[in-house]
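Here come two complexes built around subunit A, the first alongside subunit B, the second alongside subunit C.
And then the complex of A and B:
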């Protein structure tokens, strides 16, 4: 028996919005410690790692470890049926073929149940090595979203260049070049709006706009985004999900073709 | 005794001659029957479009005989069998215009109403079915050997060309026109030289030269047509009338010819009024240095008289002499008709000064479709891409723009995407019209290479970094 209850269905809605562009289906690993999702997009360029801790739920019960393959599109549709104030409960039996979504209105007058068929999926769990990144940048997620959207109009990829002064985003394309520089905030009195650069050594990486624009869909989950970068390793773009977990996006960098040859 | 013998001898000779004549007649009838059978085969078995020109080439007979064969065939079988007949009509319209057209049999009576006087009517083609008279364009041309008239510069024009002629022209075309003028003037001179040498040996050559000279008319017609100012349809009619007059001249009696001449003259006078003077025109005329400008009218009259005379004479001779001589006469006649053409030119010039009001007949629209000037061979761009329908056009800042479908390549999400895009392109000139799309592509590809040159990046996958 698996049951997870979340008073704020809005959180789950936002999580689904954040991953539905990248993933078509994903395996939800449910264990005593919580729910974990790890899935790559079809091109194997980006990876979504979602972690929802059990203590973050209002009620959490997981008798046996379950891995449930779910269609993200379908799940997103179901969650769209929930009111933002509703309470959501996920329920499944031990050897499940279906998962049930139960939406309760705050005044308990409305109860909606949605049952979704599970899909069999190959296990494809990647071992992500623990890395100490050369640069860790924290910045307002809104700002990051804005930059990604703006620069993606100029080119298909954005170069992140991080130095002591701050972080520089740049894109160039047929129309010209665009550069946005963010300096480290001097006095961090407002934590949410601060730009914090934690740099061991300068990095310069290029990433595809297409994926970045998918990542920023997670912006509503958290006011701050954390970008972890090292040269020639994937970018980690992390959003906290309230106090129940986090969503991490890994994005493989674009590398110079000449270098490779 | 001697006398009687003489008489009997002469009687014998006479009898022989009659006999020979009879056999000849029989032979002719036989061959006619043969021809009719062949024609039936062409039409009903081979499903061919049998035009008189094609038939003359195929049977190796004179075009007029071919016409006669077709006529006989039509007379013989029109009741018995199902096939379509197309007639060629030529004559004067009620508004003094001249018109040559091909009409289907069923439309013949209505078509005839347009004419005040019909100069020539003959079978143009026979075929099993003919949904469109324009299909006859597909039929092969005749052979000059059998007096079929063919214009080298005569190209079928596609819709775009027709469009161009109707909506104004490009500078490039004018260029090509001027080139043509030079050519035509050269060939004209050549033809003149040859015309002066009366040697019978040169008949064949002369013929060619004549044709060139004749073709010049077409070239000139084009030039006139090409001027963007209101080009008169009348011009085309005139040229056509000349063309067809020759074609059918043998069908027509001498008397009729005189009429033609007159009609032609009045026609030209009318046309002359409509003429709009253009630099190309005057240039052309300047080059045709055949006669002085002063006494145009007089010389023209004289020429006309001479013409009609010679024509009558030739007609007589034609009736007496054989086929070969006809050809000889033809070549001479062509010389004459060329002269008249020159005269016509002079005539026009005078008329230009007198009046420039343009009173186009009501069915000019129709005429322009039929009698558009012949397209020069120096526009291969046109011939290459034949469009089914004329492109959509809009006018912007005085420039004509044409809606086109253009292949555009752009980068989208890391992929090169080529799409067909509707683009309004200015087509004031022909050259850029063709080159533009190429340029665009070049630019795009260049920019791509630039981007790549700057940062030749390649997307890596996470599989390079993470292990299963």
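And then the complex of A and C:
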């Protein structure tokens, strides 16, 4: 038996909004410690790693480890049926064929149940090594979303250049160029609005706008986003999900080919 | 052509070995293209009002048109194509080639008849059957590729074998061909429909050889024997043995030798002097150039050269050719998107795979006892 209850269904709604553009389907691994999802997009350029700890749920029970393949589009549709004040409960039996979503209104007068078929999936699982990154930048997630949206009008990719002073985002295309520089916040009174750069070595990396614009869908989950970068390795873009867990996006950088020149 | 009914057999028995992907997901991949196969496609498909495209003197240009535009389409998606041309056909292919010539003669006759009868539909049909890729076509295509800055390789013998060797050596990601025998040669990844027209909107089919073997529960040598039974270009097959029976036989007996020993030859006459051993050897040790000695280089396109070559006698539209050259140039100078699997190692997915291995073991045991393999699926829960 697996059961997980969240008083705020809004959190789960936002999580789904944050992954539904990248993934069509994903395996949810449920264990005693919580729910985990690791999945790549079809092109294997980006990876979503979602972690919801069991202690973050209002009620959590998982007798046997389960891995449940779910259609993200379908799950997103179901969650749209939940009111934002509703309590949501996920429930499945051991060896499940289906998963049930139960939505309860705050005054307990309305109870809705949605059952979704699980899918069989053969997914590749990636081993992600623990690395220390050359630059770790924390900034307001709204600011990051804005920069990605603005710069993607100029080109297909954005270059992130990080140094002691701060971080510079730039894009260029047929119309011209665009650059946005963010300096490190001098006195961080308000933690949520601060830009903090933690740098060992300067880095410069280029990433595709298409994927960045999917990542920023997680903005509503958290006021701050953390970007971890090292030269020539994938970017990690992390949003905390309240007290319950986090969502991490990995994105492979663009590479200049000079081997053939 | 290729192996008779192999694609269907794989789709039936081992659907997990086939994946469909959109073209745009192949960015950054190097792909070896079976040139003869795709020139043939172009000669058949690139037509206007049913007739091949020609220059002023009536020389065919369909193959150049196809090579030029479809290569650009691949390059624009960030794919790095390398074309592999056939060398001399292996001796064993003589029979197959004679058969093809015969069919062509027949088509010629039918064409004449149709022309006399004035049946336009039939004329077109038989016209297409007469299509043959000649030396000149190949030479012209090579000249064009050179100007486009796309590498090509002359295989000493069969192009599919050379492609497979390139894949095995890790020089390219996959072989693009419609012929399934690239798998028989041991090519790990085979792409079909890569050079199809965009208008057909067909996703690319990706065959993974290791998964094919896993799904069919065969090793490479057994797979080769299976292909010979299905019908390949190099030798005859046993009459009356279709795909279904062929897979049953190979699973029970595990080699052609044993199959012949145990087969009821009255019901299924084995061809006289059946040279399946040579055919098998041809698949196991084909004549190829050592892939390590091959250096693949993609270079800048020669715009003026292209104009001179295509817009002179061949009468291509200059503006379009210039546009094409620009696209080639631009694609060369944009950085390619990296892939996560090059940074992080793929750990095999935990549970389902383990179950599969156990499953195949048990069915193997059953096979030894003489029963036949049942279609695989997930083990019952």
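Here is the rule we go by: the second predicted complex is superposed on the first by the 257 of 261 C-alpha atoms of A that agree within 3 Å, B and C clash if a C-alpha of one lies under 4 Å from a C-alpha of the other, contacts with A are read in each partner's own complex, and residues count from 1 in each chain.
The rule is short, and it goes like this: a contact is a pair of C-beta atoms (placed from the backbone, for glycine too) under 8 Å apart; a residue touches a chain by one contact, two chains touch by 3 or more.
Note that the structure is predicted; figures quoted are calculated from it, not measured.
With the two structures aligned on subunit A, subunit B clashes with subunit C. In the overlay built on the shared chain, the residue A:189 is in contact with neither subunit B nor subunit C.
Once the two complexes are overlaid on the shared chain, A:250 sits against subunit B and subunit C alike. Shared-chain residue A:42: touches subunit C; no touch with subunit B. When the two structures are aligned on the shared chain, A:173 is found in touch with subunit B, with no touch to subunit C. In the superposed model, A:67 makes contact with subunit C only, not with subunit B. Of the two partner chains placed around the shared chain by superposition, subunit C is the only one that A:122 touches, whereas subunit B remains out of contact.
In the superposed model, A:206 makes contact with both subunit B and subunit C. When the two complexes are overlaid on their common chain A, residue A:109 makes contact with neither subunit B nor subunit C. Overlaid on A, the two complexes show subunit B and subunit C touching the same residues of subunit A, namely 40, 43-47, 124-129, 157, 206, 208, 233-234, 250, 252-257, 260. Residues 40, 42-47, 67, 95, 120, 122-129, 157, 206, 208, 233-234, 250, 252-257, 260 of subunit A are the ones touching subunit C in the complex.
Subunit B contributes residues 411, 413-414, 444, 447, 451, 454-468 to its touches with subunit A in the complex.
For subunit A in complex with subunit B, the residues that touch the partner chain are 40, 43-47, 124-129, 155-157, 159, 172-174, 206, 208, 210, 233-234, 250, 252-258, 260. Contacts from subunit C toward subunit A in the complex involve residues 16, 21-22, 24-25, 27-28, 296-299, 335-353, 378, 381.
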